[in-house]
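Both complexes below contain chain A, partnered by chain B and then by chain C.
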Partner chain A sequence: MLTNKRLILAHFWLAFIVFGAALVLGAWQMFVRSPLNAWHFNPEFYYRSVTAHGSAMGYVFPTLVAMGFGYAITESALEKPLIGRRWAWAGFFLVAIGAVVAMIPVSLGLASVLYTFYPPMVGNPFYYIGVVMVVVGSWIWVALMSINMAIWKRENPDKPVPLAMFANVAGSYLWGWTAVGAALEIIFQILPVALGLRSTIDAGLARVFFSWTLHAIVYFWLIPTYIAYYTIFPRAIGGRLYSDAMARISFILFVVVAMPIGVHHLFADPQVGAGFKFMHSVFTGLVALPTLLTVFTICASAEIASRLRGGHGAFGWITALPWQNPIMLATALSLVMLGFGGAGGLINMSYQLDASIHNTQWITGHFHLIFGGAIVIMYFAIAYDLWPHLTGRALESFGLMRTQLWLWFIGMIVTTFPWHYVGILGMPRRMAFYDYANPAISPQAFSVVMSAVGGFILLLSGALFLTVLIRGQWADNSEAGSYRFAIPLHMPARIPAALNSFGLWLALMIGLTVVNYGYPIAQLMVLKETNVPAVYVGAGR
Partner chain B sequence: MSEQPLFSFRNSWFATSVGVTAAIAVLAALAGLIWLPLAQPDLKLSGIWDAICSAAGVPRVSSQGNAIQPDFKTSNVVMTSEMLTKPNQVSIGRGATLAQRCAICHGPQGVSDANSPNLAGQFAAVTYKELNDFKTGARVNVVMSPFAATMSDQDMLDVAAYYAYLPRVPSNNLDPKVAAPAIVTIGAPMRNVPPCGACHGDIDNKAGSPWLGGQSAVYIKAQLHAFASGSRRNDISQQMRNIARQMTSEEIDQVAHYYEAQP
Partner chain C sequence: MTAEADHGIGEAVAARVERRWATLSIVIVGLLVGMATYIGIHQATMPQGHVETADPATLHLSGEFVESNLGSAVEADGSVTVRAIGQQYSFTPQCVVVPSDTPVKLRATSADVVHGLLIEGTNINTMLVPGYVSDLPVRFKAPGDHVMPCQEFCGIGHQGMWGKVKVVDKPAFAKLAAAKRRLTCVD
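Up next, the complex of A and B:
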C-alpha cells in the first residue's frame, strides 16, 4: 500500500540524477588519467572531479536510495501510510540542499579534498556544511524508521515485524551510529579550522574518526541490496525465501560487527597501535559471516524457485531459473561481483597482505567492484521492481533492462579487474598523472586503457538505465497491484524477542565500538603533540 | 512476543550473543595486545604491561642521547614565508656600502659575467640564508666562506636587503625562445621530482627558493652536481639533494640552459 508515491519517487529520481552526473565525471576521470589522454589538462580539475564524484556517489546517491526504499518498505511492509510525512519531506530537502551547498565550493575548486576529507587538507567550510546537511537529513529518516516500527509494534503486539522492515530499520540504525564518526570529525575538528577559528588539526585523530564511518558506511550502502536479495528476489522469480530467521540473523550481525572494524583502513597509519589494528582485523573477518549466510540463503531460495518450476538435478536446476527476468539476472550478476569483491576484501583486511596493496589502485578496484558493482546493480533491480508501483505505469522494455544489466556487469569487471592488477604492480591511487613513458610503469598502460574502456561501458549502461526509467514515465497506465515482499518457506508464527527488536544488538554495537575505538580515540584526544598545521586547499588562487 | 525478558542471562539469545561477542573481543585483545607483541623478538619488551602499552600505541619518548650526530654543519636558519619581505631603507643604504666588497665577483649592479650568482633582485631571505650558512660552515666555498666569517647578523641582513632592492637586469644570454623543459613544468612524478617551477618561480615561489632566471648556466649546473654528490648540503630537509640525485645529466643541462635564458 504505497500512499506517499511522490515522496519515494522524489528520492529515487534525485538519487539517479546525481548518479548520472557523477557517472559522467567518473568516466572522464578514467579517460584523463589513462594513456589515451596526452598531458594537457590542469591536474586540479582531476581532484575537483574526484571530490565531486566521491561525494555524490558516496554520500548523496546511496543515502537517497536507502531513504526512498526505506519509505517504500515502511508503507508496503507495514501496510499503513508513513508516519511523519512532513518530516520525511524536510529530510529530503535537507539532503537536496546539502548536496548543492557542498557541490558549489567543489566545482569552484575551493574544496578539492576528496570525499574522504583527508585532513590536514582543509577546504571551503560550505563543502563540509553541505555534507553535514546531507547526514542530518538522513538522520531524520533514521528516526522516522524507528518511530514507524515502534508504533506498528505497539499496534500489532503479537505479530513479528515484517522482515523487510526489520532489515530496513537495521540499516537505519547502522547508519545512524556509523555517521557519528564523520560528524564528530567535521563538527569538532575540520569546521573550526575551515572557519578560521583554529589553524592546526589532529589529522591522525580525524582519520580514526573517519574510519569509524568509512567502513560501516559500505554496509549501509549494502543493506538495500541485501533487502532486495531477501525480500524481492525470491518473490520476483516465483519462489520463497529459504529462511526468515537466517535473514534476520544476517542483518543483526551487520548491525553488531560492521561498525567496530574501520581501523583496517588505517593499517599503514602510525597513530593507532598494532594491537588495535589486530582487534579490528579480527572483527573484519567476522563480517564475512552475514555475507556467507546470505549467499547460502539466496542460493537456496533460488533452488526452491527452480524446483517449483520443474528444475532438477544437482546443478541442472540452475538452467531452469527464469534468466529472462531482470531481477534474476541482476541478483546473479550481483552475487558474482560480491564474490570477487569479497575475495579481494579478504586481502585488504589482512594486516600482512594489505601491505602489498595498501593505497594502490587495488583499493579503488575493490570498492568499485563491491559498491559500484554488487550493490548498485541491485539498486537498478530495486528501481525496476518498484517503478510500476510508484508511477502506475508498466516498465516493458525487458530486453533493454537485460542489456543494461549485462553492460553494467561487463563494464564493472572490465574496469575493476585491470585496476586490481595494476594495484599489484604498485600503481598508486589518487593521482592525476602517471608517466607511462617511464619504462618502470609502461607495462601498466594497457591495463589502464582497458579500465578506461570499462568506464565508458558503465557510462553507456547508466544512460540505458535512465532511458528505461524515463520511458516508463511515458508508458500507458496500468495497475501494478499492491507491492509485496517474498514469503518465507516457513512463515514464522512466533519469533524470539531477540529477532524482533534491536535493543540488545544496539547495546552490543555501541559496546564493541567503545572497546575497539575507545582507547585509540581517547589517547589521541589527550596528546597535544599530534596537531599539525592545516593545509588550506584552493587558498591564494 | 516472547514472555522471557530479553535482557537476562536466562534468555539464551542474550546469554549466547553477549557471551560470544565478549569472548571474541577478549580473545582478540589477548592475542593482539599480549601474545603477538611478545612473539616479536625485535620489540624487546620487558613484560606483559610493556607489551600492552606497545601494542596499544602508547607513545614513548625515545632517548636522544645516543643519536648519531652528523659529521657536518647543518643550516640553522629558520625559513618562513614572511621572512625579510618588508624592506627597510636604512638597511638597504648600509647594504649598498657593504656590497662594495662583493662587486668584484657579483658585479657593481648585482649582475656579472663571472659565472657567480647574479644577486640583483634576489629574494632577501635567500641571500641572507646563504650568507648565514657560509658563516656557520653549513655551506663551504673558498671565496665566500672567508667573506662571510667576519659579517655580523646585521651586515648579512643589510646586504640581503640591498640586493633584493636592486632591479633584476636581463642577462646577456636572454632568449625567450628557449622552451621550458618537462622537468621545469611537470617534473618527473615517478622519480619523486616536483617541477622546478613549482618552487623557483615559473608556477609558484616557495620561501627560501632562489629566483633562477638569468643565473649562469655554469653556476646552476655546478650547484645541482654538488647537491647530487652531497658536497653541498645546506638545503632544508635535503629537498634539493633528493631532487638533484634523481635528475639525469641531460635534465641538469636543460634546466641550466633554460634558466640562463630567462629574464
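Up next, the complex of A and C:
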C-alpha cells in the first residue's frame, strides 16, 4: 500500500539525476587522465570534478536511494501510510538544497578538497555546510524510520516486525551513528577554520574522525542492496526466502561491527598506534561474516525457486533459473562483483597486505567494484521492481533492461580489473595525469586506457537506465497491485525479542565504537602541539 | 506422513545446513585473522608502535628535520636512517639514496598538508600527516631505481609530486658515505 508515491518518486528521481551527472564527470575523468588525451589541461578541473563526483556519488545519491526506498518499505511492509509525511518532505528538501549549496563552491573551484575533505586543506565553508545539510536531512529520515517502527510495534504487539522494515531500520541506525564521525570533524574542526574563527587544525584527529564515517558509510550504501537480495529477489523469481532469522542476524551484525573497524583506512597513518590498528583489523574480519551468511542464504533461495520451476541436479538447477527476469540477472551479476570486491576487501583488511596497495589505484578499483558494481546494480533492480508501483505504468522493455545490466557489469569489470592491476604495480590514486613517457610508468598506460573504455561503457549503461525509466513515465496505465516482499520458506512460529528489536544491538554498536575509538580520539585531543596551520584552497586565496 | 511433519523435517534440515555454513564462515574469518596475526608477530611487519609528533611550523628551525639533517645517515651499528619531508609539491630530498640488503629506518613528516609516499616495486607505503612523524623499518633487496610518488591528494600540483629512490650496492654506498655526513642523489 503505497500512498506517498510522489515523495518516494521525488527521492528516486533526484537520486538518479545526481547519479547521471556524476557519471558523466566520472567518464570525463577516466578520459583526461588516460593516454587517450594528448592535450594539456588544467589539473585543477580534474580535482574539482573528483570532488563533485565523490560528493554526489558518496553522499547524495545513495542517501536519497536509502531514504526513498525506506519510505516505500515503511508503507508497503507495515501496510499503513507513513507517519511524518511533512517531515519527510522537509528532509528531502534539506538534502536537495544541501546538494546545491555544496556544489556551487565546488563548481567554482573554491572547494577542490575531494569528498574526503582532508584538512589541513580547507575550502569554501558553503561546501561543508551543504554536506552537513545533506546529512541532517537524512537524519530526519533516520528518526522517521525509528518512529514508524515503534508505533507499528505498539499497534501489533504479537507480530514480528517484517524483515524488510527491520533491515531498513537497521540501516537507518547504522547511518545515524556512523555519520556522527564526519559531522564532528566538520562542525568542530573544519567549519571554524573555514569560517576564519581559527587558523589551525589537527589533521591526524580529523582523519580519525573521518575513518569512523568512511568505512561504515559503505554498509549504509549496501543495506538497500541487501534488503533487495533478501526481500525482493526471492519473490521476483517466484521462490521463497531460505531463512528469515539468518537475514536478521546479518543485518544486526552490520549494525554492531560496521563502526569499530574504520581505522583500517589508517593502517599507514602515524597518528594511531599499532594496538588499535590490530583491533580494527580483527573487527574488519568479523564484518565479512554477514556477507558470507548472505551469499549462502541468497543462493539457497535461488535454488528453491529453481527447483519449484523444475530445476534439478547438483548444479543443473542454475540453468532453470528465470534468467530473462532483470531482477534475477541483476542479483547474479551483483553477487559476482560482490565476490571479487569482497575478496579484495579481505586483502585490504590485513596490515601486511594493505601496505602493498594502500592509496593506489587498487583501492579505487576496490570500492568502485563494491559500491559502483555490486551495490548500484541492485539500486537499478530496486528501481525496475518498484517503478510500476510508483507510476502506475508498466516497465515493459525487459530486453533493454537486461542489456543495461549486462553493460553495467561489463563496464565495471573492464574499469576495475585494470585498476586493481596497476594498483599492485604501485600506481597512486587521485592524480590528474601521469607521465606515460617515464619508463617506470609507461607499462601502466595500456591498463589506464582499458579502464577509460570501461568508463565509457558505464556511461552508456547509465544512459540506458535513465531511458528505461523515462520511457516508463509514458507507458500505458496498468495496475501493478500492492507491493509485496518475499515470504520465508519456514515462517518462524515466534521470533526471539533480540531479533525483533534494537536496544541491545544499539548499545553494542555505541559501546564498541567507544572502546575502539575512545582512546585514539582522546589521545589526539590531549596532544595540543599537533594543531597545524590550515592551508586554504581555491581561486583568489 | 502428514504434510506438517514433512514441513518440520524440512525445517530441521534447513537449519542444520545453515548452521554448518555459519560455522564454516566463522572458521574462514578466524583463519584469515590468525594468518595476519601470525605474520605480524613472527615477521615483525606491524605498524609503528606509538605516536610521535613534530611541529610543521618549526621543522626548518630545529630538531631532526632541519634541512642539513635530511637524507641518508649511517648509524653506529651500520644501519641507515633516512629522514625526509614532503611539502606541496615535492619531497626533500627529491631523490633518496640507500644501500641494498641493509636495515633502513625511514623517518618522514609533512611540512604543510597531508601527503603520502609509496615506493613502486616494493611494499613501502606510508602517510605523511603534518604534526606527526612516520617511522618504518624497510629493507631493499637489490640495487635499482624506483619512483616514489606522493599517494595522497595534496592540492592542484599533486600529480607532479614524484620523488626517486636509488638503491646502490653496499660498497658503493660505503664509498659515498665516507665523503659526506648526509647523503642524497640530488647533489
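The rule we apply is simple: the second predicted complex is superposed on the first by the 538 of 541 C-alpha atoms of A that agree within 3 Å, B and C clash if a C-alpha of one lies under 4 Å from a C-alpha of the other, contacts with A are read in each partner's own complex, and residues count from 1 in each chain.
Following the convention adopted for this analysis, contacts are C-beta pairs under 8 Å (C-beta built on N, C-alpha and C of every residue); 3 or more make two chains touch, one makes a residue touch a chain.
As the structure is a prediction and not an experimental result, all values here were calculated from the model.
In the superposition on chain A, A:207 makes contact with chain C only, not with chain B.
In the superposition on chain A, A:531 makes contact with chain C only, not with chain B. In the superposed model, A:47 makes contact with chain C only, not with chain B. In the superposition on chain A, no contact is made by A:424 with either chain B or chain C. By the touch criterion defined above, A:158 reaches chain B but does not reach chain C. When the two structures are aligned on the shared chain, A:121 is found in touch with chain C, with no touch to chain B. Looking at the shared chain after the overlay, A:268 reaches chain C, while chain B stays out of its contact range. With both structures placed on the common chain, the touch criterion links A:292 to chain C but leaves chain B unconnected. For chain A, the partner that touches more of its residues is C, with chain B and chain C as the two candidates.
Look at A:445: by the touch rule set out above, it reaches neither chain B nor chain C.
Residues 271-274, 277-278, 282, 286, 431, 433-435, 438, 440-441, 523, 527, 529 of chain A lie at the contact with chain B in one complex and at the contact with chain C in the other. Residue ranges on chain C touching chain A, taken from their complex, read 7, 10-11, 14-15, 17-18, 21-22, 25-26, 28-30, 32-33, 35-37, 39-40, 43, 45-53, 55-57, 88, 109, 112-114, 116, 118-121, 123-135, 145-147, 149-159, 162.
Within the complex, the chain B residues that touch chain A are 1-2, 4, 6-7, 11, 13-14, 17-18, 21, 24-25, 27-29, 31-33, 36-37, 52, 54-59, 186, 188-190. Contact residues on chain A toward chain C in their complex (touch as defined above): 43-44, 47, 50, 112, 114, 118, 120-121, 202-204, 207, 242-243, 246, 266-274, 277-278, 281-282, 285-286, 288-289, 292-293, 296-297, 300, 346, 349-352, 355-356, 358-360, 425-435, 438, 440-441, 489-490, 523-524, 527, 529-533, 535, 537. Of all the residues in chain A, the ones that touch chain B in their complex are 39, 157-158, 160, 256, 271-279, 282-283, 286, 431, 433-435, 438, 440-441, 494-501, 503-505, 508, 511-512, 515-516, 519-520, 523, 527, 529.
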